[in-house]
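Listed after this line are the structures, all set down as structure tokens.
Shared chain: chain A. Partners: chain B in the first complex, chain C in the second.
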Partner chain A sequence: MSGAFRLAGRGCIDTTRPVVFRFDGRMVRGYAGDTVASALLAEGRHLMGRSFKYHRPRGPVSAGSDEPNALIGVGEGGRYTPNLRATQVEIHDGMVAVSQNRAPSLRFDIGALNTLAAPLLPAGFYYKTFMWPRRFWDKVYEPLIRRAAGLGRAPTAPDPDHYALHYAHCDVLVVGGGPAGLAAALAAGQVGARVILCDENAEFGGSLLADTYSLIDGLACGEWVARIVAELERLPNVQLLTRCSAFHYGPHNMVALNQRLSDHLATPPADMPRERIWQVRACEVVLAAGALERALVFEGNDRPGIMLASAARAYLHRYGVACGRKAVVVTADDAAYRVALDLAEAGVKIAAIADLRPTPGGPLVEAARARGIEVLPATTIQRAHGHLRVTGAELAPVGADGTVGKGWRVSCDLVLMSGGFTPSLHLHSQARGALRFDDALGVYLPGESIERVRSAGSCRGVFALDDVLRDGVAAGLAAAGGEIGPAWTVMRQDAPGTGGFAGALPRRGPGHLALAFVDFQNDVTAKDVKLAVREGFRSIEHVKRYTTTGMATDQGKGSNVNALAIVSNVLGRRPEEIGLTTYRPPYTPVTFGAFAGHARGDQFDPLRLPPMDAWARAQGAVFEDVGPWRRARYFPRAGEDMAVAVARECRAVRAVAGIFDASTLGKIEVAGPDAAEFMNRFYVNAWTKLGVGKCRYGLVCRDSGFVYDDGVVGRIAADRFHVTTTTGGAAGVLNMMEDYLQTEWPDLDVWLTSITEQWAVIALQGPRARDILAPLVDGLDISAGAMPHMTLREGTIGGVPMRLFRVSFTGELGYEINVPSSQAQAVWDRVWEAGAAFGVTPYGTEAMHVLRAEKGYLIVGQETDGTMTPGDVGCSWAVSKVKPDFIGKRALALPALNAPDRLQMVGVLTEDPRLVLEEGMQLVPAADSPVPTSAEGHVTSSYFSPALDRSIAIAMVKGGRARMGTSLYAPSLDGSAVKVMLVDPVFYDPEGARLNG
Partner chain B sequence: MVEITEGCALAGLPPMVRLVVQGRVAALDAAAASLGLEAPPPMLRVASGIGGSALRLGPFELLILPTWEARAGLDAALAPVPHSLVEVSDRNVGFLLEGARAADILAGLCPLDFALSSFPVGMVTRTLLDKADAMVWRTDAHSFHVEVWRSFGPYVEAQLREVAKGISFSLLTV
Partner chain C sequence: MLLIDCPYCGPRAEIEFAYGGEAHIARPAADVSEAEWSAFLYLRDNTKGVLAERWRHSHGCGRFFNALRDTRTDQFHAFYEIGMPRPDVRDAV
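The block that comes next holds the complex of A and B.
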């Protein structure tokens, strides 16, 4: 047997399968089925970590997920995970684990000096001390405090594993696989309901795994669990999940589970996800979360070797480990007597049972006495001795008036404490369940919830095993809508104790320097809680925030009730008047990897590629993200930077022709007899008189009168429009159209279809565009006379169906060739080949922006910011004066939206033609305008224009149109101010001669 | 078909004609009749006739996958009633996901309940596959016809493969 404290023939570990792992660089031997904590305890080692604030040496208090002390880092490199509970981490060969928050070593930690300064570090210390000077906080205080406090370090290497997500639906979700949960799942499963049963541990059984006394149907608890699990496995409608924690209870019974798949395996299968998040939508939820034993609050209660009585029992019966040689038991509940009896039977000497109650009695107490164990009624523990391990306990009598008499020392290497059991209410509370205080038990129990949820077993204060099983069956049947369920006879069980203690134990002397911990993980002492109350905090929520009690990752599992009782005692008010703090998800910490799931790397978001993406890549294009799309920004030739490439592309478009993939433009087909009427109501423009085969620039406003989107609209037929939107506005415009159609105008016979991806768009722009295109369009006459600017024709191009728009966003003669997406590349190739002789040049989004700015065409979202009217951006010509109504019409009539000093779109020229302004620059009246000063406007677009061979910019300026010819100044970050002239925003070909060529 | 995990294969569907028919009852009736159906299918159901399949995606909307011959007849059938008929053959790409694990794989990306009792054969709906809008049609107990807009195809295919990679570990169909 490995480990001096391992007991042969006990526990559920597999002693035929030894496991070797490393802890802080040292080899540790254990067995399959061990946790890090049980394997270390088997070697007699309790010291496993250092505390958060004072760097106190700490050992495990519990044997489960409520562990606040034994937090360790596990794994190496990208697989390193900090702050895992040693009590839950299953060991495997080759595993590497390290202790945390210590330097240079766990046994000797320099940070432990903090504990000497503890009297100077009360609750609120940081708030009070590090106030001044204010600027020191960010640079000095916070970094120092963060280095000193805190737990494990975050891993920095990329995570090599993959994580899964799964949505599941069931009739009944049972959370917790102890006796209540097993009974509920079986009852619901036998009725035929779809059941999911999850448990955070590696095996089902819960408290039964550590119970060697009770007998169910003549079976030992372990055998009974195995039988029930086997029955559940036979039911095809039941899904069993172990190592799976329900950590979040969302609205409408959407419960999130975190399943750990591979961490316990030495060599997991190649494609196994490390963890999986289950998003379970359950018709009904049964919470069988159990109850957690409470620690006692006394001086030195955090010394390694001091633990919960139930934990010692779990280590004994689940792992075959005696947690010490000589134990002192301090209790206010009968349950600890069973632990003492079990330990004594296993050879652990019980030095004494100190019972806080004046007259403990009953069969368990008598059994302990009969075994020769010294039972000390009305006795408390004044303090624990020892540093890296408890060496003794000072026990003292408690008088009838509550005063504590002179104590005596009992040497021991293990102190077991039992303050009674706190029902685990976390998930019930997350489910917005009310809590009610139970006077008899002295704890909160679940009340009504707005969700379809019910609690069963000890998490609702039902403790006797036979009651728990019946409660579980009843809950399972109620959840599944069944009437008859399984029944078992409990032939032997301990009667549940009715004792318990909450708050700080009575002590002798004021204990000004005593560190009696309430919240082990956040190093909050009884003194801190009392101080918070003395300083005026009355609400438990405020006490929580001031002291940080219950705010650690264990969410106050072991500490909340004790903190509450201390506040209650100091204030002299009943606990239910104090309230209880909110339990927040997650129940136990969940890794970022699990949350990310498969949304990582390239798969984080859909990356949408336009049809000619591969071609652009082959041409060496540089790309940019435009919303979810990746678009070619420019096509550099050897040695070109962006400025040079863009200038060349712009010149090519103005001199010959450019070709551009405009497929990402949003497109919507508006069809039906009322299509024109719909367009009239939706757009600010008038559409009735737009002839078939004609195009018009359309503007959409919100009902606020502010520009929402724009685009060219073509009339395909009397009852059919081909609407284009901006790339980013496609989904929004379609949604807004549907919204109005369904809610405001359901009488209209018109319907909308997104055709964004049906039609790819090849823009061919430049003076030679017609010459290139004419031979390709299968006989269609596209001459200037037959097909002038702003017209469209349907035809074919090399046999491929085509909607040809003569439109221009460059100011040149131009076409947008719409062809079905699957054939776009073939058509593009044909145009490309035909254009080669002319010198057609591919251009990207950057050149497109420059070319449109030279023409003073606005870009929605660049010139506009959601507060610009059509008039502001120089488009009042587009707003129909005669239509009875359209979206935004009323708002546009408001005086405020027609005020002469509104921001208006103007062109801006610098004195120095080489100087390109920064987009976003503010414009102020004078070079030496005092700071702060109100800006007169701001620059929205700014480029170097190859056509004008100088810089150009567009700005929004107060009353800008009336100020053309005047100057403003653009202050730059270096303090200088650039003088600029306000001009007409159409910089190039203002007559539009080229457009109509 | 490519097996993406034990018990599930994925294939891209060949190009097909896709038509969106929208209109009131008369238009949907006319469209259904031209496919050889007695009536349009109820909401979120598919009906197949001699002229092709009609997928009822909305109260006023059918996605029609016609046979080649039925394509022209549809125009004529709809002509007398107010309607919108728009071809979207190239807007969508389709996948066929097939096998015992197909529903589990979809459940890795979609919050709908794919139990046969909740999502029977012949049901179709627009939904989300993780962050992509999609349409899912159960063509058989273990067979799904999935469509997304063209540019979402690579993303969705990669997501299906990623989910398939981890699907076989500790996951049983409930």
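The block that comes next holds the complex of A and C.
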């Protein structure tokens, strides 16, 4: 047997399968079935970590997921995971684990000097100590705190594993596989319900795994668990999930589970996900979450070697480990007596049982006395001695009035504490279940919930094993709608304990309790909690935030009830008058990898590719993301940077022609007998008089009067419009159209169809566009007379169906060739070949932006920000004056939307024609405007214009249209300011001669 | 994640739906006063209790419909078609 504290013949570990792993670089031997904590304890080692704030040496308090102290980092490189509970991490060969928050070593830690500074780090120290002087915060306090405080470090390499997400439905979800959960799952499964049973541990059994006393149907607890699990496995309608924590209870019985699949395996299959999130929608939920033993709050209660009594029992019976040689038991509950008896039977010396109760009695107490264990009634613990390991306990008598007499020291290497058991209410509370305080038990129990949920077993205060099993069966049957369930005879069991204690233990004299910890993980002491109340915090939620008690990764599992009792005592009010803090998900920490699931890298977001994406890549285009689209930004030639390439593309469009993939434009077909009326009501423009074959620039406002989207609309037929939207606005415009059509105007007979993906758009823009296109369109007459600006024709291009729009977003003669996406590349190739003789040039989104800015065309979302009216952006001409109503009409008449000092779109020119302003720059009245000063406006678009051979910009300026010809200043962060002139925003060809050519 | 019972498709997960804000806000005619129009745009009840609200089954049938939901508990009390009157559901909790 490896490990001096390993006991032969005990525990559920497999001693035929030794396992070797590393902890802080040192080889540790354990067995299959061990956790990191049990393997280290088998070597007699309790010290496993340093605390968050004071770097106090810490060892495990528990044997499960409620562990606050023994947090370790596990794995290497990208597989490193910090802050795992050593009490849950299963060992395997080759595993590498490290302790955290210590420097240079766990045994000698210079950060532990923080303990000496404890008086300087009282409750709320974040809020008061470091607030002043201000300049000290960035330079001194914050780096100091960041270095000194904290948990594990984040991994530095990308996570090489993959994580899965699974949706599931069931009739009954049972959370927790202890006696109540097993009974509930079997009862529900046997009547045919689809059942999912999950448990956070590696095996089912819960408290029964550490119970060698009780007998069920003549079977030891472990044998009974194996029998029930085997019965459940035989039921095809039952799904069993171990290593699977229910961490979130959402509305409508949606429960999230986190299943750990591969971390316990030395060589997991390559295709196995590391973890899986289950999103379970359950008709009914049975919570069998169990109860957690409470720590006692006394001076030095955090020394390694001080742990919950039930934990020592679990280490003994599950792992065959004695947690010490000589133990002092301090309790207010009967259950710790069974622990003392089990340990004594295993050869651990029980120095004394100090019982806080004045007259403990009953079979367990008698059994302890009969065994020769010294039982000390009305006795408390004053403090623990020792540093890296507890060396003794100072016990003292406590009177009925709470006064404490003179104490004496008992040497020991283990202190076991039990303040009684707190039902786990986390999931019940997340299910918006009410809580009620039970005076007899001194704890909160689950009350009514609005969800289809019920609790069973000790999580609702039912503690005796036979009652627990009956409760589980009843809950399973009720959830599944069954009547007859399994029954077992419990032939031997301990009576449920009475008593219990919460809060700080009584002390002799004016003890300050500075190192009596309430929340181990966040280093919150009883003194901190009392101080918070004295400083005026009354709400338990405020005390929580001020002291940070219950805010660590263990979510206050072990600390909340003690904190509540301390507040209750100081205020002299009953606990139920104070209430509990809100239980928040997750119940136990969940890795980012599990939450991300497959949504990483290329899978993070869907990528939309326009039809000519492959062509653009072959041309060496540089791309940019535009919403979900990846679009070609520019097409550099050898040696060109972006500025040079974009300038060349712009010049080519203005001199010859450019070709551009505009397929990302949103496109909606509006059809039906009432299509024109719908358009009239939806757009600010008038549509009745727009003839078939004609196009119009359309502007959409919200009913608030603010510009929402824009785009060219073509009339295909009397009852059919081809609407285009901005690239980013397509989905929103269609949703808004559906909203008004379905909810405001159900009288209109109109159909709306998204055609964005169906119609690809090839923009051909430039003075030679017609010459290139004319021979390709199968006889369609596109001469200037036959097809003027803002018209559309249906036809074919090389036999491919086509909607040809003569429109321009460049200011040049231009066409937008709409063809079915599936044939777009072929059409593009034909246009490209035909244009080669002319020198047609592909251009990207950057040149498109420059060309439109030269013409003063706005981009919704760049010039506008959701508070601009059509008038603000110079589009009053588009707003119908005669329509009785349209979206935004009433609002556009509000005085505030017509105020003369509204931001208005203007052009901006710098004195230095080479200087390109930053987009987003504020514009102020004077070069030396005081700081702070109110801005007169801001720059929305700014480029170098090849056509003008100078910089240009567009800005939104208060009352801007009336201020053209005046100047403002654009200040930089370095304090300098650039003088700018406000001008008309149409910089190029203001007469429009080119686009009408 | 809520479970939403689309009147046209049946119960589906919330991820298929888009929220549409408070229901039964009638869009006034264009000749109402400034105060009435501003109230239509911006004033909402911020109900604590049973709220009539709009949903759209945007990743399903695309239809808008109304629901009664208790904002304290997220429990739904009714789903009904646009244009139907609000069902008479008292604050249950």
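List of remarks:
Methods note: the second predicted complex is superposed on the first by the 969 of 997 C-alpha atoms of A that agree within 3 Å, B and C clash if a C-alpha of one lies under 4 Å from a C-alpha of the other, contacts with A are read in each partner's own complex, and residues count from 1 in each chain.
To be clear about the criterion, a residue touches a chain if its C-beta (ideal position, glycine included) is under 8 Å from a C-beta of that chain, and two chains touch if they have at least 3 such contacts.
Remember, predicted model here, so these are calculated numbers, not experimental data.
When the shared chain is aligned, chain B comes close enough to touch A:W751, but chain C does not.
Once the two complexes are overlaid on the shared chain, A:Q603 sits against chain B while remaining clear of chain C. Look at A:T743: by the touch rule set out above, it reaches chain C but stays clear of chain B.
In the superposed model, A:I450 makes contact with chain C only, not with chain B. Of the two partner chains placed around the shared chain by superposition, chain B is the only one that A:P673 touches, whereas chain C remains out of contact. By the touch criterion stated above, A:R276 is placed in contact with chain B alone, chain C being left untouched. By the touch criterion defined above, A:L241 reaches chain B but does not reach chain C.
Of the two partner chains placed around the shared chain by superposition, chain B is the only one that A:A164 touches, whereas chain C remains out of contact.
Contacts of chain A with chain B, set against its contacts with chain C after fitting on chain A, overlap at residues 279, 281. Residue ranges of chain A in contact with chain B, taken from their complex: 162, 164-170, 194-196, 237-239, 241, 259, 261, 269, 271-273, 276, 279, 281, 598-599, 602-603, 605-610, 629, 669, 671-673, 749-759, 820-823. Within the complex, the chain B residues that touch chain A are 15, 20, 22-24, 60-61, 82-92, 104, 107-113, 115, 118, 130-132, 149-152, 154-156, 158-159, 162-163, 165-167, 169-172, 174. Of all the residues in chain A, the ones that touch chain C in their complex are 250-254, 279, 281, 432, 450, 703-704, 735, 738-739, 742-744, 746, 884-885, 889-891, 894-895.
Residues of chain C that touch chain A in their complex: 1-3, 13, 18, 20, 27-32, 34, 37-38, 40-41, 54, 56, 58, 62-64, 73-75, 82-83, 93.
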